[in-house]
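Two complexes, one shared chain (chain A), two partners (chain B, chain C).
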Partner chain A sequence: MPGRTTLRQTMLGWSIARHGLAMLVTVLLGGLLSATLVRFAPGFDVDENQLDPRLNAASVQALRDARLQEHNVARFYYKSLMRAAHGDLGTSISLGQPVTTLLKQRAPLTLRLVSIGLLMSWSAALALALSAAWWRSASYDAVTTIVSGLFLCLPAAVLALLSVLWNVPGSLAIALIVFPRSYRYARNLLAKAYSLPHIITARAKGLSELRILLWHAMPVIGPQLLAVAGVSVSVAVGAAIPVEALCGLAGFGQLAWQAALARDLPLLVNITVLVTLVTLLANSGADVLGQALRGEHA
Partner chain B sequence: MMRRRNSSFAPSGLARPNSSTHSLRCGLHSFAASRLGHGVRRTIFQYFLPLMFCFTFLGQVWAQGGGELRFCLRAEPKTFDPLKVEDDASVSIRYLTGGVLVRMNRQTQALEPELAQSWKVSKDGKSISFKLRTGISFSDGTPFSAEDVAYTVQQLMDPALHSPTGDAFRSGPSKVETKIISPSQIAITFPAPVAGLDRLFDQVAILSARSSKKEMAVLGPFMVADYKPGTTVLLKRNPNYWKTDAQGRKLPYLDSISLDIQPNRDVEMLRFKRGEVDLINALDSEYFDKLAATSPQLVHDAGASLDSEQMWFNEVAKAPLPAYKKNWFRSATFRRAVSQAINREDLSRVVFRGHAQPAVGPFSPANKFWFNSKLKPTVYSPQASLKSLQAEGFRLENGTLKDREGNDVVFSIITNSGNKYRERMAVLIQEDLQKVGIHVNVVTLDFPSLIERMTQTFDYEAILLGLTNVGLDPNEEMNVWLSSSENHQWNPQQKTPETAWEAEIDRLMRAQASGADAKKRKESFDRVQEIVVEQAPFIFLVNKNALSAVSSSVQGASPVILHPQTFWNAERLTVTAK
Partner chain C sequence: MKAGRTLACVVLLIVVGASLAAGWLAPAGYAKQYREAADAPPSAQHWLGTDEIGRDRFARVLYGTRISLLLAPAAALLSTFLAVLVGGLAGYLGGVWARVAMAVTDLFLSLPWLFLLITVRALMPLNVSPLVSVLVTFLILGALGWTSAARVLCATAATLRSSDFVCQARASGIRGGRLFWIHVLPNLKPVLYAQFWISIPVFILSEANLGILGLGVAEPLPSWGSLLRELEGLVSVGEEPWKFVPLILLVVVVTSFQFLLSKQEEVAA
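The block that comes next holds the complex of A and B.
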C-alpha cells in the first residue's frame, strides 16, 4: 500500500520536526534558566582568590572586573550564543581553560560510565523481569522486588560512596541506581504482556519462549520499553554527577559539581545545555522510534 | 607529639648501613669455610666475595635510584606557568619543576643557594645582585644565564600579570630595572625597598628566555611529561638537572612522580591504605588517629603549623547591622571578653583530637623568626570575661547577658559549610559563650556566599575562618594589616584609619616594609603582634598541627611544617618496590 506508507513517512517526518523544534526551544530555555540561576546565586560576584593577602588592590580589582562581564544575564547569554554559533563556548572562570577543551576532555569518561552503567542495568533488569514473567513464582517475584526496592531506597550518593569503599567501578554504581527503575517497569510490562490471551494461548500450544517473546510480547511492549529506556538515560546522566564527584572521576559530573561550587557561569551553562540536549535526544529518539514501531505493528 | 618512622629520617638511602648486604656476606663466608679447600677458599675471599659485594651494593644503588612516587593533588592545577601560579596544586608543581635562585630550606627555614651561588641585598633594600652558577641547562637543553633571570623578572613584573608572586615584589609604580653584568652576574633594582627581598625569590621559578617550550623548559629536578586533565600530572626526572648528592650521583633519585588529581579526601585516604599513593599532606586529625591506631610508623605530627583558625566581628561602619550591635563589636573590651570566654584548650583537644595548639597571636610559634615569644596566651576564664563585660555596662539577667540599653547579647557566627572542624569549633564556642550569657547562632554558608558577605555586602556579625600562611615574612600579609586594604577583614578599605591603634599598625607595617634591617623590622612587627592581641580585632583560636602520612615504601622522607610538608626534599626521596 504505497499511499499508506507515504502517509506514515510524512507523519514520522512531522514528528521528527516537532521533536527537533521542541528540543531547540527547550535547550535554549534551559541554558537561559541555568544562566539566570547562577547569576543570581549568592556569591556569584566573588572569587576566592580575592582573599589571597599577597594580591595588591589592582589585582583584586582585576579579579572583580573579570566577573563584571557576566552581570547582565541577557547580554551574557546572547553573546554566548553568538560565540557558540562560531564554535567558541567561552572560557571557564574557575579552571581558566576553554570550555570546548574541557568538555572534549571529560566527555569520553562520562560516556563510558553511562553506557556501561545502562548496559549493565538493562541486562540485569531484563534478565530478572523475563525470568519473573516466565516462572511466575511468587517467592522469586517477591525477592526480586525487595532487592530492587532496596536499591531504589538507597540515595545515589550512598551507592557512590560504597563503590569507592569497595573499589568497584563507578559504572556499577550508575547501573545500581538505574536498575530498580528499569526493572520495575520491565517487569510490569512483561507481566502484563504475558497475561494477554494470545500469549497464554501460544504458551499453551507449546511455542518456544523465545518465539513468544520476540514475536508476540516484544511488539506489544517494545514502544513502552523504549520510552522507559529513554528516561533511564536521563536517570543515568543525573546519577553520573554524584558518582563522579564522590568517586573522584574526571567526567562531566565532576566538572558540573566544581563549576557549581565556583559559580562558573560559562561552564555551567554549557554543561546544562549539553545535558539537556542528551536527555532530550534520548527521550525524543525513544518516542520517534516507538512511534515508528507502533506504525510498523499497525 | 611527634611520631617517627624508623627509616625516614636518614638523610638519604645511600647513607644508611646496608644490613642485607652485610648478612649475605656473612652467610657466604661460613658456607665457603666449611665446604671448600683452602686454595679455593682463598680465591673466593680474594676475588669472588668482593665482586659479589660490589654487585650487591651496585644493585642497591640502582634500586634506590629509580621508582615512581605517587600522591594526590586536591584540585586541578590551573596553570603550569610558574609566574601565574596561585592555587595549591600549581604551587606543588612549581616546587617540583621550577629552578629558583635561592631556596628556603623547609626544615631550618634558612635561605640556601640554588641557581645563584651567592647574592647580596643593598643596604636600602631596593637592589639585589646574584652571582649565578655556570654550566647549567634547562630541561630542553638551552643554557641558563643571567639573560634568563632578567627575562623572568621582566615577565613577573608585568603589571597585567596580576599574580601573587609578582605582587609580592611590587613596591612602587616605576619599572624594575635588570642589569646583566656578565652571563653569570645580574643586578635587579626595584623602585622602592622590598622587605625580605631575597626570600621572595624562593617562589620565582626561572624561565628560559630562548626556549621555544617556554614554561615547559625547567631548571628544577622534575619536568611535566604528561597531563591528563582531571586525572593525572606525570612528572619525569629532568635529565639536565644540575645537582648531585655527596657521592656525586645525579639528583633526583626518583624516575617520576605521578600526581593524581583527587579532590575527595576520603578517596585519597582509601588509596593510601591500598598502597596506591605514597604520601598525604595536611592530613585530617581524624584520619591521622585512625591510621596511627593501625600503622603508627606511617603518620607524622610535625607540630604547630603556620595556619591559624580565627574569628572576628564585623566592625564596618556601613554594615547593615543595628547600631547597638556595632557598638559591641567595635568595643575592644567586648572582643577581649569574648576571647577570654573561649576555651582554646578544648578546641584543640575536642575538635582536633590534640593535633592543634592554642593560638597566641597573629603568627604561629612555628614561624621561628617572626613569632613574638613575649606574647602571653589568652587565659580561659569565663569569670574574668563576665567581670570585664560588667565593667563595660553589660549585665547578666536570668542567664542572659544584656547591654546598657537592655538588648540581649545575641549574635551569629558564620563559617563555611562542609568544613567539619570549623562547624565543631563554632558549636564549642557557642557553648563557651553561653556560660557568660551570650547566645550564639551558628550559620554555615558555602564559600562563595560567605566571601560575598565578608567582602561586598558586609552582612554578617561574626565570621570563623582560617588563614593559610604560605610565606614566613609579615610583608606578605601587608594587605591584611593595612587599614586601607581589601583584606583588612574586620573593617576593610578605610580611607583613613578609624582607630588610633589601626593607625599605629599602619605606621609599623609600613616601617617594617621599607627597612632592610631584619632586627628593626622584627621590632616593628613584634609591636604589631602586641597591638593585635591587645585589641583583638581577630580572635586567634588555634594553630593546627602539620599532619602527614608517608608510606613505608618511601625512603628519605622527613615531613616538616612548611609547604610542601612531605615532599620538600623530593629530589632525595626514593621509592622501593611495593
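The block that comes next holds the complex of A and C.
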C-alpha cells in the first residue's frame, strides 16, 4: 500500500530529524558545560608564556589582556565553538600537542577494541540466551545466570588487570564487561518471546527453530534488542578507560585517564564530549532502526 | 531464593560486623609499618601477609571494608535525595519542569559513567589529605549517581500526580509543598528504598574502579579500590593468592547485595 509506505517513511524521517536535533542540543549543552568547567578550573588564568623573561612588560600585559577577554564564559564558549567549527579543539596542557591530532591518533585503536569487544560479547550473549530459550533447562539457566552474575560483580578495572595477568587481548576484557548486561537482557527478552502463544503454537506445529526465531521471535524482540545494543555501546566505551589504562593500550580511554591524572581539562572535556556524541549516535541509531523494524512488521 | 537471601544477609552482617570491629581485630591499625617484614607472606602475626611497605594486609582489608561499606550507603543516600529533588519534584510539578529536568537527566545519562566520574574527579585537586579524598570520592559518586533514579521517580511521581487520592486532596484545598510532603512523598517510599539499595553495589564497584585507576581514596587510607591496586604487580595468580582476598571479599559482598536486591529491582522497575 503506497499511502501507508509514504506515512511510514515520513514518520521515520521525523524520527531521524528529532534524534538529530536532540543530539545537537545535547552536544551544545555538553559543550557549554565543558567550557564552563575549563573556564573555572584552577590555573585557567595562568599562562606560562607570561613567565618568559625575554618578554617586556607590554607583551606580558598583552597576554594578560588576552586572557581577560576569555573570562566571560559565554564569550569563551562562543570562541571555543568557532575554533571547534574549524577543527581546532585547543592544545593539551599535559602533552603540549593539538587535541585534534591526539584524538586522530588514538581513535582507531579504541574503535577497533570497542567494536571487537561488542561483537564478541553480543555473539556470546545471543548464543547463550538462544540456547537457554531453546533448551529450557533449569540447570543450564542457573549456570549461565551465575556466570554472568559473577562478571557483573567484578569491577571493570579488575577484569582489565586480570586480562593483563592472563595475557588476553583488551577487546576480550571489554567483551567480558559488556557480556553480563547484554546476556541478561537478551535472555529475558527471548524467554518472554518464547512464552508467547503464537510461538508456542509454531513450536507445537513443528516449525524449525531458525524459522521461529527469524519469523516470529525477532520481530517481537528486535526493537528492544536494538535498544539494549545501543546502550551497550556506552558501556563498552566506558570500559575502554580501565582496559586501555591498565593494559597499556594507547587509545581514547588511556588518553582520558592520563588527562585526568594530569588535570588536563581541555583534553579531557573534548574527549568526553566526543564520547558523548558517539554514544548518542549509537543510541539514536538503535532507536531509529528499532522504529523502522516496528514499522516493517506493523 | 529465600535461603539465598538469608545467606546473603548473614554474609553482609558478618562482613559489616568484622569491619566495625577492625580496631579490636587488628589493633595495630592500617598504617603501622613492620619494616622488617615488608612484602611478607601470611603468618600467625599477619594473617594475610604485609604489603610492599610492611603494612598488615588483614588490618587494611578490614579498615578498607569499613570505608567502602560505610561511605557507599552515604553516597547512595545523597544520590537518592538528589533524585527526589530533581525527579520526584519534576514529576509532581509536571509540564515545563518535568521536561527541563528530564532533559538535564538525559544529558547526564548520555555521558558514559566512568568518563563523567573521572572528568569531575579531575576538577578536584588530586593531592589532598586522605580524609578529604574519601569525602571527595564518595561525594562525587553521590552527586553524579542520581540520574537513573530520577527518571524512575519522575515517572512514578507523574503517575501519583493524577491519581484519585491526590486529586481528592487537591480538591479539599491541600496544595504545593504540603501536598507533595504528605501525599506524594510517602507513596514514593518503595521506589526510594529500592533505588537506595540498588545504588550501593554500583557505588562500591565505581569506587573500586576509581581506586584502581589512582583517582579514588588517597594513601595511606585503605579502600577496596586502593587495595585492589596490588593486583597490578602480580605475575601469576598462584604466586601470591592472598592478594586476591580483597577481590574475593568485594565479589562476595556485591553478590550478596545482588541477591538481596533481586526483589528491590522489581519494585524499582
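As a convention for this text, the second predicted complex is superposed on the first by the 255 of 298 C-alpha atoms of A that agree within 3 Å, B and C clash if a C-alpha of one lies under 4 Å from a C-alpha of the other, contacts with A are read in each partner's own complex, and residues count from 1 in each chain.
One rule holds in what follows: a contact is a pair of C-beta atoms (placed from the backbone, for glycine too) under 8 Å apart; a residue touches a chain by one contact, two chains touch by 3 or more.
Because the structure is a prediction, the values reported are computed rather than measured.
**Student:** Using the touch definition from the top, say if A:Leu246 reaches chain B (first), chain C (second), both or neither.
**Tutor:** Both: A:Leu246 reaches chain B and chain C.
**Student:** Which holds for A:Ser123: it touches chain B only (first), chain C only (second), both, or neither?
**Tutor:** neither
**Student:** Which of the two partners, first being chain B and second being chain C, lies in contact with A:Gln254: first, second, both, or neither?
**Tutor:** first
**Student:** Can A:Arg263 be said to touch chain B (first), chain C (second), both, or neither?
**Tutor:** both
**Student:** Examine A:Ala62 and indicate which partner it touches, taking first as chain B and second as chain C; both and neither are also allowed.
**Tutor:** first
**Student:** Given the touch rule stated above, what does A:Pro53 touch, chain B (first), chain C (second), both, or neither?
**Tutor:** First partner only.
**Student:** Going by the contact rule set out at the top, does A:Leu165 touch chain B (first), chain C (second), both, or neither?
**Tutor:** A:Leu165 sits against chain B and chain C alike.
**Student:** Would you check which partner chain A:Gln9 touches, where first means chain B only, second means chain C only, and both and neither mean what they say?
**Tutor:** neither
**Student:** After the superposition on A, what does A:Gly238 contact: first (chain B), second (chain C), both or neither?
**Tutor:** In the superposed model, A:Gly238 contacts chain C only, not chain B.
**Student:** Does any part of chain A touch chain B in one structure and chain C in the other, and if so which residues?
**Tutor:** The overlap between the chain B and chain C interfaces on chain A comprises residues 41-42, 161, 164-165, 245-246, 261, 263.
**Student:** Looking at the complex, which residues from chain A come into contact with chain C?
**Tutor:** Result: residues 25-26, 29-30, 33, 37, 41-42, 149-150, 152-158, 161-162, 164-165, 234-235, 237-239, 241-242, 245-246, 256-257, 259-261, 263-265, 268-269, 271-272, 275-276, 279-280, 283 of chain A touch chain C.
**Student:** Using the touch definition from the top, list the residues of chain C that touch chain A in their complex.
**Tutor:** 103, 106-107, 110-116, 118-119, 121-123, 125-126, 201, 205, 208-209, 212-215, 225, 228, 231-232, 234-237, 247, 250-251, 254-255, 258
**Student:** Could you pull out which chain B residues touch chain A in their complex?
**Tutor:** It is residues 76, 78-79, 86, 159, 162-165, 167-168, 170, 228-231, 261-264, 266-267, 270, 274, 445-452, 455-456, 467, 470-471, 476-480, 485-487 of chain B that touch chain A.
**Student:** Quick one: which bits of chain A touch chain B in the complex? Just the residue numbers, please.
**Tutor:** Within the complex, chain A contacts chain B at residues 41-46, 48-60, 62-63, 95-97, 101-102, 105-106, 109, 161, 164-165, 167, 245-248, 250-251, 254-255, 258, 261-263.
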